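There are two complexes below, and they share subunit A, which is joined by subunit B in the first and by subunit C in the second.
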Partner chain A sequence: MLFTSYNFILFLVVLFIIYYLIPKKYQWMLLLLGSFVFYSYSGWDNVAYITVTILATYFVSLKIGQLYEQQDSYIKENKGSLAREDRKKYKAKINAKQKKYLLLCLLFDLGILAVLKYTNFVISNINSIGNLFKATEISFLDIALPMGISFYTFQSVGYLVDVYRGKYAPEKNLGKFALFVSFFPQLVQGPISRFDDLGEQLYAGHSFDYKNVSFGIQRILWGFFKKLVIADRILVGVNTITQNPETYQGIYVFLGMIFYAVQLYADFTGGIDITIGIAQVFGIELKENFQRPFFSKSIVEYWRRWHITMGTWFRDYVFYPVSISSPMLKLSKFSRKHLGEKLGKKVPVYLSTIIVWSATGIWHGASWNFIVWGLLNCLVIIVSQEFEPLYAKFHSKFNVRHNFFFRLFQVARTFLLMCSIRILDCYRNVGISFKMYFSMFTNWNFGEIFNGGLLGLGLKKSDYIVLIFGIIIMTVFSLIQRKGSVREQLTEKSDVLQYAVGIALFVSIITFGAYGIGYDSNQFIYNQF
Partner chain B sequence: MTTGKRIAKLAIAALITIVILIFLQNLLMPKYMSEILEGALISEYYSEDIKDHDVIFIGDCEVYENFSPITLWKEYGITSFIRGSAQQLIWHSYYLLEDTLKYEKPDVVVFNVLSMMYDEPQNEAYNRMALDGMPLSLSKLKSIKASMVEEEKFITYIFPILRYHSRWDELSGEDFKYMFKKDKITHNGYLMRVDVKPVTTIPRARKLPNYELSDICYDYLKKMTALCKENDIELVLIKAPSIYPHWYDEWDEQIEDYASENGLLYINFLKYTDEIGIDFQTDTYDAGLHLNLSGAEKLTKYFGKLLSDEFNLADRRDDEQLSKVWIEKEAFYIDIMEKQYAELEELGYIKAFNSKKNEE
Partner chain C sequence: MESLIEILEELHPEVDFEEHKSLIDDKVLDSFDIITLISEIHEEYDVRVPVDEIIPENFNSAQSLYSLIQRLQDEG
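Entry: the complex of A and B
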């Protein structure tokens, strides 16, 4: 059930009405039921996968929690008689047990993800190598990737690690825990929530709150506008260019890069707007996942503002644990000894960064494109960190840091750099991606786009008009957003203006949305992750 | 802000939104006034002031192109209306009849059986022509449900703007002109054409793997028969004298059997073309698929006599109120006929049916 389908809208309306009609103590049960009904539309086998992940994580986290309780009561009972050393020993013993459970469950949860998502990727690589030796090809597995598996797996893993770290006690109610993992608005494409942010909100009852509901609906409408009016309209142009690399090179690749940036932004942030809006309608506040990323002045800043919950997830559950793992500490010691203090310090940090970005890349998709995409991001980040002293020197000589045009240059540079890296999302393999990228510098066909080329991309004049207006509106909203929530700012304006904006948004979606017969029914891009 | 005030403001905003959407919907829906006239057929019935017809024709193009209610009136004083649209399938016909019977009870319903050959929804464009013109009713809802092809969504029939929203970039003057009121296109459902395209070759009928008419079509035919019986209406089954698509003997036998089992009159006009006087060199405008005005008038005269004799339909030309209405209809009929002949003479084709030539 796509967010943009009529069935989903009907489902949402029915759920909303029942939610505020039933006693508050049953609201979380309704959300759980709704989440499973929603998920069952993607297939019963998918329900089985998510259920298995829920059950495994639930029981293991419960066991880890019990071990904490056991430890606490043992220490309490033997408070007077237990020496500090014995207490430490006992804790280490408990921790070793907990670690075993943790690793077992991580292996299980991530194993499901790995098998479903990466088996065919591994097979295709084995086949490629096998082809060199004329070996028989291994058949691909006929498995479809369950919707949102990367998101619910990561959310479960985050929860499990937090319980292991003693950040909070495990949730004892299976139903409540199942709701945390399967809460339907965020199941499709995130944001990746933390239990201490979301849990209580899900389980506490919510009274109908006019502001929450109206703000939620406004956010949903804004998401629909971005998705249907912009993302799904420009998609045709992106597909035409990227699926026909022999025909569309040079300036078209540049256009494709820009189109894809617009599509991805409108699609993903639109989806997240819908998600956060839906949650808000139910009185639940989800974490923001974007903070005007295209206004970033550096790639590091961009990654702090794009898909924020994924970035923080990788930081907390991959980067930090890897950085302080014993092999990494040993490496740090070794490198400092042999490479000197300055360089030696950097080796483990950069190695952890490479590991994180490789993982981020492979998380985005089971292909070499995404691995190279991750490593390129990593390379740019490391290089820019290395150039930091150079930048500092530059800024000390030329006082342009606060100059508008210099900042604009930084924003444009970051945008184009990210577009360039993102080209790996667009083409079917790494080789073609690079070939197309370099065609921008070798194939000077700029004039073609004004000789009918633009209208040969599957987009009509009217499409371009809608897109230009849509992008302007999106940009203006982002600019207004710098002063705080657009919706909050709107409430300070007259009622007439508030309603006019709402009506205009709704009517624009209905009229200019790229939906229905004649348009492909498009999934959100991040559904596939 | 008090709750009352808030509700009032929301209600006003909702009302304004609805008005805007209704306006846009009327603007964006295809008008079918100068091109693809077939799309305008179904709705015309509902704008008739007097819905009092002796005969209702139900079916596809083989009725709305082949029978002329004006001729039926002029020759026999029989009032009739054709409730047909392009490739109207049997479930469309059934629910359209069900809907029609809410407005009137004719003496005779004539159903053309060609659609018995289709046992599943065919295409969206024809569904739209058959359904968009119907006002919202239970019959319409049931018809939508029975008709939709896979890519269609039920809700888009209830709120057609969800289907036609993307027409905003192809709006023409016609869309603004006919937003709220349309011109009459047909003559009580008859879509007139006076041009001629003689039959040169008759395509050979291809062999079918199975000649059995399907159960689903029989179900609707049975429902139609029952509906007519319930309402004390004579149901007449016909096969219009269109020589293509091919009407197989095997199908004909099955319909004959059904008619005799149910005590219905079934006439396959293909067997009586000589008797009717149809000349496929002069009486068809598309090489035998449909009759032109000349052919339609010949067929109607023949069938009108049969209807009068068989069902004792009274000659109502003495009814002053009716005569007044039908005189106007006749005048419109003659006017369109003359216009078409004039265009044919001047351009060699009829504008309304040659949109591509108009563009050239």
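Entry: the complex of A and C
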């Protein structure tokens, strides 16, 4: 059931009415039932996969929690008689047991994800190598990736690790835990929530609150606008260019890069707007996943502002644990001794960065394109880190840090750099991506786009006009957002203006949404991750 | 405390670590700095900062970081 389908809207309306009619203590159960209905639309085998992950994570986290309780009561009972050393030993014994359970469950949860997502990728690589020796090809497995598996697996893993770290006690109610993992708005493309942010909100009852509901609906409309009016429209142009690399080179590649940036932004942020808006309608506040990322002045800043919940997930559950693990600290000692203080201490930092970006790349998709994409991001981050002293020197000499034009240059540079790396997301393999990228510098066909080229991409003149206005509106909204929530600012204006904006959004979605009657909108890009 | 300030100043010479109380909230220290710091602390004080202690409250000021080190040393 797509967010943009009529079925989903009907489902949402029914759920909304029942939600505020039933006693508050049953609301979470309704959300669980709703999530189950929503997910079952994607196929019963998918329900089986998510259920298995929920059950495994639930029972293992419960066991880890019990071990904590056992430890606490033992220490309490023997408070007077237990020496510090003995207490440490006992804690270490308990921790060793907890670690075994943790690793087992991590292996299980991530194993399911790995098998479903990467088996065919591994097979295709084996076949490629096998072809060199004329070996028989292994046939691909016929498995479809369950909807949102990367998101719910990551959310479950985060929860499990937090319980292991003693951040909070495990949820004892299986139904409540199942809701945390499967809460339907975030199943499609995140955000990846943390239990201590979301859990209590899901289980607490919510009274009907006009502001929450109207803000939520406005946010949903805004998401639909981005998705249906902009993303699904510009998609045609992106596909024409990137699926025909022999025909569309040079300036078209540049155009495709920019189009794809717009499509991805409108699609992903629009989808998240819908998600956050739906949750808000039910009185639940989800974490923001974007903070005007295209206004970033450096790639590091961009990654702090784009897909925030994924970035912080990788930071907390991969980057930190890897970079301060015993082997890494030992490596740090070793590299300092042999490479000198300055270079030595960078080795573990950069090695962890490479590991985390390889993982981020692989998470995005089972293909070499994404692995190279991850490593290119990593390369730019490391290079800019190395250039830091040079930047500092530059800024101390030329006082341009707060100069508007210099900041504009930084924003444009970061945008183009990210567009360049993202090209790997567009073409079917790494070789073609690089070939197309370099064709921008070798194939000077700039004039072609104005000699009918633009209109040969599947987009009509009217499409371009809608897109230009759509992009202007998105940009203006982002600029207004710098002063705080656009909806909050809007409430301070007259009622007429508020209604006018709401109606204008609604009408433009109906009029300019890239669909006709019965047309099922395109799936969200991030749904495939 | 002095050696901790030295470690911090080596990372960011432009910052007054005696006074600054919101190093994380103001984005003075990023994740690169944090793991460099943890590795330096391990060298200097022979304590391992566990991942669950990497929270803004512990890293927002030199004083809070020093308190963390002392606590970890006490816990042994």
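By our rule, the second predicted complex is superposed on the first by the 523 of 529 C-alpha atoms of A that agree within 3 Å, B and C clash if a C-alpha of one lies under 4 Å from a C-alpha of the other, contacts with A are read in each partner's own complex, and residues count from 1 in each chain.
We adopt the following convention: a residue touches a chain if its C-beta (ideal position, glycine included) is under 8 Å from a C-beta of that chain, and two chains touch if they have at least 3 such contacts.
Computed from a prediction, not measured in an experiment: that's the story for all the values here.
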Clash or fit (per the criteria above) of subunit B with subunit C on subunit A: fit
Contacts of A:429 with subunit B and subunit C, given as first, second, both or neither: neither
Touching partner for A:300 - first (subunit B), second (subunit C), both, neither: second
Touched partner set for A:510, first subunit B, second subunit C, both or neither: first
Touched partner set for A:502, first subunit B, second subunit C, both or neither: first
Touched partner set for A:460, first subunit B, second subunit C, both or neither: first
Contacts of A:6 with subunit B and subunit C, given as first, second, both or neither: first
Partner chain in contact with A:385 - subunit B first, subunit C second, else both or neither: second
Minimum distance between Cα atoms of subunit B and subunit C in the superposition (Å): 38
Common interface residues of subunit A - those touching subunit B in one complex and subunit C in the other: none
Subunit C residues within the subunit A interface of the complex: 30-32, 34-36, 38-40, 42-43, 48-52, 54, 76
Residue ranges of subunit A in contact with subunit B within the complex: 6, 210, 460-462, 495, 499, 502-503, 506-507, 510-519
Residues of subunit B touching subunit A in the complex: 6, 9, 12-13, 16-17, 20-21, 24, 28, 124, 151-153, 155-156, 161-163, 165-166, 168-169
Touch list for subunit A against partner subunit C, complex: 84, 88, 165-167, 300, 315-316, 319-321, 323-324, 326, 328-329, 332-333, 336, 345, 348-349, 352-353, 385
